[in-house]
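Before anything else, here is the set of structures, which you'll find just below.
The following pair of complexes shares a single chain, chain A, combined with chain B in the former and chain C in the latter.
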Partner chain A sequence: MTKFKYIWLKDLRAELYTWKSLAWLLVTSLIFSVTAYLLLTDRELSLLDHTEMLWLFGKIIIGSALLVVVIDAASLITSEFENETIEDLILTPLSVKDFVFGKLLAALTLWVLVYVVAVPYMVVTSSGTKLMGVFLGYTALLGTLAVLGFTMFIFAISFLYRSLKNTLTTSLTLLLALSIPALFSTTLKNNALARILGIINPLDNIFSSLDNVLVDYKVSITQNLTFIMPLVLFCIVMFVILIFSTKLFTRKGIIKG
Partner chain B sequence: MPSGLPIESQGIIMNEVISAKNISKSYRDIKAVDNLSLSVEKGDFFGFLGPNGAGKTTTIRMLAGVLNPDKGTILINNHDVKDKQNVSKAIGVLSESRGFYDWMNGEEYLRFFAELYEIPNKERTISSLLDKVGLAERKHTAIGTYSRGMKQRLGLAKALINNPEILFLDEPTLGLDPQGQEDIQQFLKKLNKQGVTIFYSSHLLHEVSHLCSVIAVINEGKLVAKGTLEALQQQTGSKDLKNIFFALTNHK
Partner chain C sequence: MKQTILTLILGFTLFTYPFYARAENASSIELHILSARTLSGTAGDYVTVQGEITNSNSQAVNNITTYLSLVNADTKMPVDLEDWSAERGLFIETIDAKETFPLMWKIHFVQSGSYTLTIVANIEGNDMPIASKLVYFKVSPKKNLNPGHVLPVALGEPILIIFAFLALRYRKDKKYR
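Presenting the complex of A and B:
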């Protein structure tokens, strides 16, 4: 399994040639700039406690990165079907595992780039606190798990739909469906059902973990395991769904019917 | 036969490089290929004819291993078609769906596939192929700006990147001007003389009668005839391939 690197490099070059990832990085840096500027200068927002401000900024970084990666990842596999290039790839000795792993690396690379863009903003907003290291570390850890899980889900449905429109619509619907309850206040999450949904919702766990680290200063991994484990489980479930989807693709071949 | 074990190793010597036995493929209720059996000998220039929707492309896709038959067995170079590692090295395919990475240039496109096939001396191979298909001067131009004929020639170069023993071609001269068609035909003849087995699907009957040593006709998913042009002439009582084709496919 070494051919994944050719798929990964091909997709990275495609992102650069078509200016796609550069455009996304510009968009995210604009979002981060506006957010940081408002947090530091707006009269209402600047009244926020410094830790609350970092928590809000962390949510914005991971939320923006997820949105960008979801949109980008939706086209990574479906474009091979829509441009009819998948057949030529299948004809080569490239395995489906290599193909998927290369694509996964391409999506993760975009996340890494978004994270790198966010680093200076995180450094500036957390300067003067003891939280800079944990802010950088937990954003990287939680963001990576979220991106990994969502990308695997998107790839799984890409093999089933083979269409960008359907894959993108489903992915954004899922992201939206998970984002909305995660943004509810704690008083709205007091009943049993809301609490169960909160436990399994990956975005809820990311936001709660950031709150735990930045606001409550519970910074060790063991103090955050209750939030990290559901995220790991989310990734495992998405991995199983992806395996099932690729097996179905291998069995059916390039024609859906 | 154990999977992946060549037949020669069991003491049977065969000249067949493509062998399909009772293969069928349906898309929902439509039977695209129906219990089709065919064999192609090493060094054949095998013409594969049939009306639109007869199952030619589905057959080629199954023989090339990109589509699984619902039933039947396929051996390519004495390896089960599911043995991807051996089969993909033995075949080259110019398929019906010709997608390209439009942002790449011709040279980058061939390099990408050369890397996937792990071709030694890839730069020399790429340069020689670009020369052979007449794209050397446009190798640094983005594929998106290529004409249909140029894309066709690039597709052919891609199909040959792994120096295959068997070449599947689905409408290889489609969209080419007469000079381009002639160039490709001469190129294919030369390849065939060098020992490459060519499985050639086309609607251009004069091309098939001119190039192919063996011709098979498929209709409604079934093989209706196979043989040399002379054998088909005897079978149908018609002289030219057009009338043979009409007679075999019940054209009214």
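Presenting the complex of A and C:
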């Protein structure tokens, strides 16, 4: 078995055999249940145009998934430092690359689980429209890119901080800092600075792409490259930061200084 | 005697003229709803109420406030326009003699039902408001594509996750027993 799989399966078992991960999934499922039910049946919310309803639901799915994955990813590497199990792992014939890749797969698996939970809701809210396929497809694509980029950033700071509290605080602050301007209306994004921030903000690009696909019916990848390319670039930048952080960790060793 | 009668008539005319002139001003204002045919729609739709106000008098009329009055014909009760329209009223400072002003409100059909709509104008100094003719329109209910199908998923999936959790726990307990 490839070495990284040990790490991946170890974390996956730890997630699945405890109530923590499933409790998150249950809470996520409840959020989706309440949102989908209200969107389709509430007198005022159901007045939304169906495409806008799907757009709002897509934002809620990706936003909830990001929150769950960010919290989980913050503990994946730091828990090894805090439980002092990192030494044992480093002493095994396991490279840092395998260690990080296994952890990355564990975080992505959680996103896959949240996505699988969201699929029935996406199907039921979009059935009868021609948008079901693109809704499922674009949520998967955009969510994966966002989760990948954020997880790599969190792993990078995990190696630097080596503490759950600091990693979690920084990660959640970043998520919040990027979420707030992304939720601003277009009228608040009229000045040059807001537009530049909108181009580089991954969450802004996700929401704009969903809007482009679901509300404006621009469903092809080429019509969404303007939003997907900054997300890919975000992932590349985060990958470079992660490499730099792991190199620093390898050079400095487990005991800092 | 004649002089006294003439003085009294003149005095009465001068005294009542402002009231008469105001009444004439008020009666010379006409309100019309132009978009009566396009008002019906489905709950959730945004429609524009177009109207016009005309001053057919030879004098200008000042300080006119126009607003919509909506009544639910089913419940026979007036509707609070708070959710229906962001524009509460339109204020017109002066309408010159023989001038017509366009009026426009964007309204959001919030609830299905039968309604009557009127444009009302309050003119400063007049006791009586002026209203347009009533316009009758219907708002049909919005039918979502599948509101009935959401409940089984909304209730079923969290229950399914709880069962999955219990199954995993059972498997784990069995393994380590």
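As a convention for this text, the second predicted complex is superposed on the first by the 256 of 257 C-alpha atoms of A that agree within 3 Å, B and C clash if a C-alpha of one lies under 4 Å from a C-alpha of the other, contacts with A are read in each partner's own complex, and residues count from 1 in each chain.
Assume contacts are C-beta pairs under 8 Å (C-beta built on N, C-alpha and C of every residue); 3 or more make two chains touch, one makes a residue touch a chain.
Being a predicted model, the structure only gives us computed values, none of them experimental.
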Room on chain A for both chain B and chain C (clash or fit): fit
Partner chain(s) touched by A:Pro120 [first = chain B, second = chain C, both, neither]: second
Which of chain B and chain C A:Ile236 touches, first, second, both or neither: neither
Contacts of A:Leu183 with chain B and chain C, given as first, second, both or neither: neither
Touched partner set for A:Tyr6, first chain B, second chain C, both or neither: first
Which superposed partner A:Lys252 touches (first chain B, second chain C, both, neither): first
Touching partner for A:Leu94 - first (chain B), second (chain C), both, neither: first
Touched partner set for A:Ile200, first chain B, second chain C, both or neither: neither
Minimum C-alpha spacing, chains overlaid - chain B and chain C, in Å: 6
Chain A residues contacted in one complex by chain B, in the other by chain C: 17
Complex contact set, residues of chain A against chain B: 3, 6, 10, 13-14, 17-18, 80, 83-95, 251-255, 257
Chain A contact footprint on chain B (complex, rising order): 27-28, 58, 61, 64-68, 84-85, 88-89, 91, 93, 95, 97-104, 112-113, 115-118, 158
Chain C to chain A touching residues, read off their complex: 43-44, 83, 108, 110-111, 142, 144-147, 149-151, 153-155, 157-158, 161-162, 164-165, 168-169, 172
Chain C-facing residues of chain A, complex: 16-17, 19, 22, 25-26, 29-30, 32-34, 36-37, 40-41, 43-44, 46-50, 117, 120-121, 124-125, 127-129
